[in-house]
Amino acid sequence: MSDRRALVISAHSADFVWRCGGAIALHQARGVEVTVVCLSYGERGESAKLWKQEGMTLEKVKAAREEEARNAAAALGVRDIRFFDLGDYPLELDRAAKDRLVDVIREVQPAFILTHSKYDPYNTDHMYACEVTLECRMIAQAWGHNPGEKVLGAPQVYLFEPHQTEQMGWKPDVFLDISEVWDRKRAAIECMQGQEHLWDYYTNVAENRGNHFRRNSGGQSGGRNATHAEGFQSIFPRTVDEL
Amino acid sequence: MSDRRALVISAHSADFVWRCGGAIALHQARGVEVTVVCLSYGERGESAKLWKQEGMTLEKVKAAREEEARNAAAALGVRDIRFFDLGDYPLELDRAAKDRLVDVIREVQPAFILTHSKYDPYNTDHMYACEVTLECRMIAQAWGHNPGEKVLGAPQVYLFEPHQTEQMGWKPDVFLDISEVWDRKRAAIECMQGQEHLWDYYTNVAENRGNHFRRNSGGQSGGRNATHAEGFQSIFPRTVDEL
Amino acid sequence: MSDRRALVISAHSADFVWRCGGAIALHQARGVEVTVVCLSYGERGESAKLWKQEGMTLEKVKAAREEEARNAAAALGVRDIRFFDLGDYPLELDRAAKDRLVDVIREVQPAFILTHSKYDPYNTDHMYACEVTLECRMIAQAWGHNPGEKVLGAPQVYLFEPHQTEQMGWKPDVFLDISEVWDRKRAAIECMQGQEHLWDYYTNVAENRGNHFRRNSGGQSGGRNATHAEGFQSIFPRTVDEL
Amino acid sequence: MSDRRALVISAHSADFVWRCGGAIALHQARGVEVTVVCLSYGERGESAKLWKQEGMTLEKVKAAREEEARNAAAALGVRDIRFFDLGDYPLELDRAAKDRLVDVIREVQPAFILTHSKYDPYNTDHMYACEVTLECRMIAQAWGHNPGEKVLGAPQVYLFEPHQTEQMGWKPDVFLDISEVWDRKRAAIECMQGQEHLWDYYTNVAENRGNHFRRNSGGQSGGRNATHAEGFQSIFPRTVDEL
Amino acid sequence: MSDRRALVISAHSADFVWRCGGAIALHQARGVEVTVVCLSYGERGESAKLWKQEGMTLEKVKAAREEEARNAAAALGVRDIRFFDLGDYPLELDRAAKDRLVDVIREVQPAFILTHSKYDPYNTDHMYACEVTLECRMIAQAWGHNPGEKVLGAPQVYLFEPHQTEQMGWKPDVFLDISEVWDRKRAAIECMQGQEHLWDYYTNVAENRGNHFRRNSGGQSGGRNATHAEGFQSIFPRTVDEL
Amino acid sequence: MSDRRALVISAHSADFVWRCGGAIALHQARGVEVTVVCLSYGERGESAKLWKQEGMTLEKVKAAREEEARNAAAALGVRDIRFFDLGDYPLELDRAAKDRLVDVIREVQPAFILTHSKYDPYNTDHMYACEVTLECRMIAQAWGHNPGEKVLGAPQVYLFEPHQTEQMGWKPDVFLDISEVWDRKRAAIECMQGQEHLWDYYTNVAENRGNHFRRNSGGQSGGRNATHAEGFQSIFPRTVDEL
């Protein structure tokens, strides 16, 4: 059992599944507890299928989205998922909401944080989530913020894969082999009943990232035979003992 | 003892000392054999002090530079240094010279390669060395190049620190703790009699990169107390089992 | 008559004239109704000439600017210009103002939107207008925003030409031939009594963009003989049936 | 029947299939004659499977690769494919080879050219092909090059999709709907017997680019139901009559 | 005596010392009055050493930080330092605070402004200070802001050196020789009792920037023998009479 | 009389006129001797009008282009113009040609060098001229290149304005007031009989750069009333005594 923990900051309640479900399942399987924070349910902007149903209300959408997210989290082995219910399209965090996020960061003391890309002209909630993550990470590092609490170290922030990567200027610098937990990720994906049009899309992504893993680990001359992978972009430099 | 090997491709015969002497000494100390290729001696462009001496000739400069480089390599624990003597300012590799470099790459089968930054308006030899390294890495991966030889896998290419990093668009994504071998790097630096004006410069760099290591490994909340470090920029994404 | 419509989002009340007056006149001439939203009058920051007059007040400046803008819009054939009067230097939109803009976007259902560049260190209102446009476009696409309303598709957002293009990192990827409506654009420009120092500037721009149109459409080997043009930078990829 | 023609410049003999087979088939189907130039066979660097066979020689590899390429071209409806046989890993064009390419460009007088991305640290042949294309396009536009010949206009250069797009800094600005010719592209792909490991990879790519086409043409509010697409990055600005 | 004045906008009360203490001392020594605005004390986020003391309170930290900053300012020859006390981690300026900053800008009418880099993922206060500076500079240029006041011209904004320059995308385009005032800068640095771990760091920076000054002013062929320097990145183009 | 000298490296024989004719005339007027090197005549690629004449030959084109360039140089006050006659479209320098350029650089010992932009997809000769300039500057700085000669210091390299600046990624960081020599630049422009279609284009450019000069020197609050200007992008950082 590891005593490392990890934190996922997801703008909407389904993002963590598509974008880093494999990383979550893999780390959980290795004893790294992963906390997932869903800042909103994506209830206004990412629930088209639900809204097309007769008699739909905001509360019903949120309930349905929460249930899907809880099911997906369970499929990934997550024991700690939290819904901040801050609204979407646009997502906005006032000072209290930010402090709440800082509290979670300090409580979890994550070895690394996973969140959205820096730029996204299609979805400004996504880039806002990244911006807020960096701000709250900084506050969690401040000795004068709630003095006496354990101050945060310097966890890496990994940006998970956005939709249409090239438009977001997102460039992965690390590929994670998720072959052994692919079944769990696919199961979690299938919990997302409202976004069935994305199931095969993200399956294709995982397969093609598997190709990238194989190629970058040696290709036909010694590459590892990963079938599925996920890519991430690091914000901060790594510190190592050996290259 | 590791069976990993590493390869340094240095445009001029002193570059490997300033830019990755710590990485070399550290890996040698851990049983990773490091091969250093000096494409030229830097005899025309990086030997001002020698040229100011009476009666200097190109051959004398080259001999002096080679001796300095051999001494520095020894100080770092290197057992395999090779001088291609291709000329500098400008450095140029014809097909035969490239094939010779490919041969070394295939012979060494490095786990990683260290070379110069992608851009350098002050020193076009440096960026040319990077360009040639990528080309030769590609050729070494070709199954149809000298069929029957062991084909290269996909070693990382780390770009070591140039002078005036910001002007070169060089951004380190990994810091290596070289505290335990700093004495060796300083000793190697002091072998460079012709460039004494750079001794303190690169000592300052190593100290300040130590600060960056401490900051990025946790700072005042758990950072490692590295005194000296080196920074590197990766060209290719990493493949990992865990974040 | 086309049933396509277009929307211009202008930070200050004169921007639409200098930056896309030709595009407006051309599309109006072809039956594409163009709606112009002026978020502010530019009353504080872009009315120096008026403020140099004795006894000037904010209300007088706004009235004068509105009149100029209405005259210019008429010269371009615009039938629908709206003044949000949100203040300038700085321009700020609260949630209600953003909702108002979303309402217009949904009402117009534009085939494309024209607005400011992403970066402008001289004029933060300009880049803010771009940021707000992307956010409001996203909200207009949300099925849960005012459920029952017609949801927005995926209109292109074209960034029109800023002053000092290179400083703004603005790079046009499309040139529009406005030769046939140049007279109207010049007439609209001359409605801007308070900024006479810019008349010739933007005439020069239109002529030189005409040169770029000719060059990029074939130059001396088949290029079209456009006399005036406007340039735009697209935010989103195009979807086509043929290259 | 169109009198437009198009030109594909492919570094190795399979690139045109994976990267723009759909565009080729679609334009051929519409009467746009597409000429494909294969600068090399990819005989050394992209034929690992062949080289693993007993008794293989360079000539046999080239013959096998040419046959595969001819079959694929036929499947796409191409009537004009030319093999320059200039060698690969590395690909190099001397002045005579460049003149030969200029001759083809002038002969074809393409409405547009398709070639590789500007940057590729994995495969320097690819970026070299792009560089050469721009140089030869420029020469083809020179009135003093073979005076009396028809001088080239200003055809767009589209960069087709590289492997690992984000590492190449490639950003598509246009998506082409290839749904109606997908079967032909898949048939052409299956002609590439030596690279079966890429068949599903590029099928996934085509499906996911179909998703991007749908999203960018309107998504759930009016997007076109494309099943497969290809993406391209334009080098030059477009010249248009209407936005 | 010059009648030029300068303005430093410092997010936290120590930034002006590390990042532009030399520029301040040098200009003061030449009769250019420099006004320093400290937007916050850095009391929460940059005072770890103080917070580790028993019985520390926010007010005590602020008092200690103000004293250090006043001492440092005095060491640099500054006569005008102002503390806005707006809070840090995060720093936030409401409209009133921005107006206060605009008032200072107009009062000082600086020939140039010094502030933080555009990007800083470690410290969002820093990039926010840059953003606010550009916004307030724009407002100070507005003829309709407090009509009757002297309107601001177009002062250069120099971005001073951040920590870990490469991570911030900061690229210096000007090096200032601070050799003659280095003793004053070091004295000011030593006033920062709470951040002793940075004394040698910024001494190393100044020495190495001295090397860059020598190299860029001519190196071994005529370079000036500067021992210490500071680097700055300009936001706006310069206007000159001679190259 | 200044003892500063300057050097212009022009890919084709007309570039120096459009792109830095004002800078040349201004410095000549102030006693700075400017040497102009024309690497080619632009005889193949930039002489369309001549080639459309009956019976034209390469030698006639070169003679005509040389005469135009000599006339333009005279109009600008240049006493030292040199024609390397290396061919264009493409321009290529072998080692001997580069050595010849190094010789000129060392002879002139320029305080600054003017040449083309780093990138130009329309005209690869232009970016090649920039690349060669940096390489030859480096060689001229080498103490071991022709030992005994006076070694070059560290002259700034200014990139002059390309056609279609935004497509070239060219960003001016300095504007030079050329109002007092505008008449001479216009006279030089009119010497270019073969490219009359560019006369007004570059007049518009000079006027609009004048606007940029006024704006950046203070605008309506103290800006200098320049009527014409030229923009330049610096490659290297400046070294200064005062900001």
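The first chain written gets the first letter, and so on, giving A, B, C, D, E and F; residue counts start at 1 in each chain.
By our rule, a contact is a pair of C-beta atoms (placed from the backbone, for glycine too) under 8 Å apart; a residue touches a chain by one contact, two chains touch by 3 or more.
Predicted model, so just to flag it, every value in this text is computed and none were measured.
Trainee: By label order, what chains touch chain B and chain D together?
Mentor: A, F
Trainee: So which chains count as neighbours of both chain A and chain E?
Mentor: B, C
Trainee: Write down the chain pair in A-E, C-F or A-D that repeats the interface of B-D; the criterion is over half of the contact pairs matching by residue number.
Mentor: Most of the B-D contacts reappear at A-E.
Trainee: With touch defined as above, tell me whether chain C and chain F contact each other through largely the same residue numbers, more than half shared, or through different ones.
Mentor: same
Trainee: Taking each chain's centre as the mean of its C-alpha atoms, which one ends up farthest from the centre of chain B?
Mentor: Taking each chain's C-alpha mean as its centre, the farthest from chain B is C.
Trainee: Between B-E and C-D, name the chain pair that shares the greater number of C-beta pairs in contact.
Mentor: By the number of C-beta pairs in contact, the winner is C-D.
Trainee: How many angstrom lie between the CA centroids of chain B and chain F, rounded to a whole number?
Mentor: Result: the chain centres lie 37 Å from each other.
Trainee: Two or more other chains touching the same residue: where does that happen in chain A?
Mentor: Within chain A, residues 48, 122, 141, 143, 151, 167, 172, 212, 215, 220, 231, 236-237 contact more than one other chain.
Trainee: Chain pairs that touch, all of them, please.
Mentor: Listed by label, chains in contact pair as A-B, A-C, A-D, A-E, B-D, B-E, B-F, C-D, C-E, C-F, D-F, E-F.
Trainee: In the complex, go through chain F and note every residue touching chain B.
Mentor: 98, 131, 134-135, 138-139, 141-145, 147, 151, 157, 235-237
Trainee: Using the touch definition up top, name the residues of chain B that touch chain E in the complex.
Mentor: So the residues of chain B in touch with chain E come to 48, 122, 163-167, 169-172, 197, 200-201, 204-205, 207-208, 211-212, 215, 220, 231.
Trainee: Please name which positions on chain D make contact with chain C in the complex.
Mentor: Touch list, chain D to chain C: 6, 23, 26-27, 30, 112, 141, 143, 150-154, 156, 158, 172-177, 212-213, 215-224, 226, 229, 231-232, 234, 236-243.
Trainee: Which bits of chain E are touching chain A when the two form their complex?
Mentor: 43-45, 47-48, 51-52, 56, 58, 61, 88-90, 121-125, 167
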